[in-house]
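Here come two complexes built around chain A, the first alongside chain B, the second alongside chain C.
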Partner chain A sequence: MSAKAAAPVQGDRALSEALFRYVLRLADTSLVLGQRLGEWIGYAPALEEDLGLANLALDLIGQARLLLTYAAEIEGVGRDEDALAFLRDAPEFLNLTLAEQPNGDFAHTIVRQWLIDAWQLEVYESLTGSADTRLAAIAAKALKETRYHYRFSSGWLVRLGDGTAESQARAQQAVDSLWRFTEELFTPDEIDERMAAASIAPQLAAAAERWVRRVDEDLRRATLVRPAPQPHPWHGKRGVHTEHLGHLLGEMQHLQRTYPGASW
Partner chain B sequence: MSNPAADPPTADWPLFEVFIRSRSGLEHKHVGSLHAADARMAIEHARDVYTRRLEGVSIWVVRSAQILASDPAEADALFEPARDKVYRHPTFYAIPDEVKNL
Partner chain C sequence: MRATELNVVVDTGVAQTAAERKVWQLLARVPDPEIPVLSIVDLGIVRYVRRAADGALHVGITPTYTGCPATAAIRSATRAALDQAGFADALLEESLSPPWTSDWVTPEGRAKLEAFGIAPPGDAAAALRRAPEPVRCPRCGSLVTERISEFGSTPCKAHYVCSACREPFDHFKCI
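Coming up: the complex of A and B.
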């Protein structure tokens, strides 16, 4: 499928530029979260969870590959998925700030995963009806994976929250610590508005309502408390990141930076 | 044996046996075992451990403790008597040429 035929942005350079950045946001969120999950391999609390987390990571990296390939075609300056993944610096990454937060303990990883899974459920579900047929096709594939991810993470959230005193305390601590990054998920900027106006991406306000209902219901089942809303000075989707992303990229990009073009 | 759902939580996850149906119409086959806190988690673990390469379309799990197994010490009594009864195999009998469908 040709990118130019799929996207309703032909001939509109400003819209094309906005679409490029929008697709990068989706791609980078999946890529960075997938890289984070990969850090668990060999360290997860049980062999079965080790494989489970690796499966989620591979799904997310697969989504990132499809999205980065599309982004590269939209950009049209000869970069490919690998150039976008391995040769951009932190300020050029447009992932949600939440995705780059360190793994912490298992509860921390689960809460981060659950918050993003619930977000991706809303976003991908809406994108399946996108005016951009390429994006709609990618979203349809990613949605199936995300449904499983959410089943996995929300299941663990309830186990931990409604588990022992120790697991409950850790889960609540993770929710309290990560909640400040959730404001960014549904705060639209000019790119989100442009995408929504072109019927490419969902209106974030409507998706936010569904996300809040879902998250509240899960918290209730997990006997956890939703923290008060907090203002967010982080704007990962605009390229303004916490210090953690630089370290993550240092590890992820090390090989390609040291041996450019290396492959196997 | 009590209902596994009612078992008290333990520090160690119990063992489950996993059965996978590779295609619709085929039977579920035993593929291995894994640890999980309960049946729901066992299904998820089985999905992640045993169906990563598209091995299946359906999963059964059962607590290993709920399987009643034959005693190897009784193998002689259970299985030896069948050894000299080859006539129980249909191939033991010569089929007359006149019989077209059997």
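Coming up: the complex of A and C.
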């Protein structure tokens, strides 16, 4: 692509390209996290948690479908939700790096879920007032489900953290190893700024403040410690991922890649 | 069909045409595929039936949960019911806003749920404040019940057990 073509164009087209990528970030985070949670089905520590994680996955994939459908309409080149989910390669996925991290033990899964639930709470709550009414409607719908998810994940965080010596050590280990991926959540780039300027998405700084307050309060109740900030080199929301995403997509996309257009 | 079953019309205060009334009656007989004792009207997911200025009949349905697998089945069952009753030109639309809440399950729907063995949902706002109303056992009526899991066999249900009669039961989630 020539430098001229890559330069930001004025007017609606530039805005709609930014909006497309912004909506994909939300969609891909839900889709990838939903796919990860699905890996627990049949393996969770107890039947109730097996059902719980599967239900979270179902909601997240449902949210991803609404968002991907909208993204496809914004893009307007004839792709649909399935084409976006199953026929894009890893560098085209714009999910948060945190969402693609492997399940690890139950504590890792819960900590990853809790961090993203708390993030989605802030983002969706702000988006209910978006100047983009379609995005506002999707956010209002997703927010209800996210509140329920957060109740589940924050409840488990406290039970694990303020539990036995073993569960506390594992929960702290999970917080320590996943914390480096949280910097990305609230580090705005030009797309976030463009969306905020158009009153489509929230100012990330304000959302970050609320997120930190909530996360600190949960950590306190869970008798866990917040690690020091750890800058990291990956930026999933810009398409630069850890090696884990490719493996996840390999499994998720295998059927559609092998048998294009296959349907039930 | 009792007239009261049809008093759940969302556009209250708006006079209904004969066709609109007929469609409401029709939809009150379309069952939810996962909890078939409930109709989609009982569930509160039929948001509007109205003849628009363009002359077309618009029917709006909202999903309960974004990922609910029953959504597609509900759409096709509703389409089939409309087609068979001579409303093939009615437009079936997905209505996302305002989002569905379990508060929209009708009083008739709640009674049917309880009779079916599923504890109906309490006030959604109270549940959100983490001060949920006590859940009554649909079998023996005891209010001494315990939540086993926030999730259950379908996206709309949580799992409970009664401390009095010891029977496990489903509770329709408050959302």
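Operating definition for what follows: the second predicted complex is superposed on the first by the 253 of 264 C-alpha atoms of A that agree within 3 Å, B and C clash if a C-alpha of one lies under 4 Å from a C-alpha of the other, contacts with A are read in each partner's own complex, and residues count from 1 in each chain.
Operating definition for what follows: contacts are C-beta pairs under 8 Å (C-beta built on N, C-alpha and C of every residue); 3 or more make two chains touch, one makes a residue touch a chain.
Just so it is clear, the structure is predicted and the values come from calculations on it, not from any experiment.
Measured by the number of chain A residues touched, the leading partner among chain B and chain C is C.
Within the superposed three-chain model, A:R159 lies in touch with chain B and out of touch with chain C [touch as defined at top]. Contacts of A:N55 after superposition on the shared chain: both chain B and chain C are touched. Contact with both chain B and chain C is seen for A:R151 once the two complexes are overlaid on the shared chain. With the contact threshold set out at the top, residues 48-49, 51-52, 55, 148, 151-152 of chain A are in contact with chain B in one structure and with chain C in the other.
On the side of chain A, the complex with chain B involves touching residues 46-49, 51-52, 55, 148, 151-152, 155, 159, 164.
In the complex of the two chains, the chain A residues touching chain C come out as 48-49, 51-52, 54-63, 65-66, 133, 136-138, 140-145, 147-148, 151-152. For chain C in complex with chain A, the residues that touch the partner chain are 63, 65-69, 96-101, 128, 130, 148-153, 155, 159, 173, 175. Here chain B touches chain A in the complex through residues 9, 13, 34-37, 40-41, 44-45, 47-49, 52, going by the rule given at the top.
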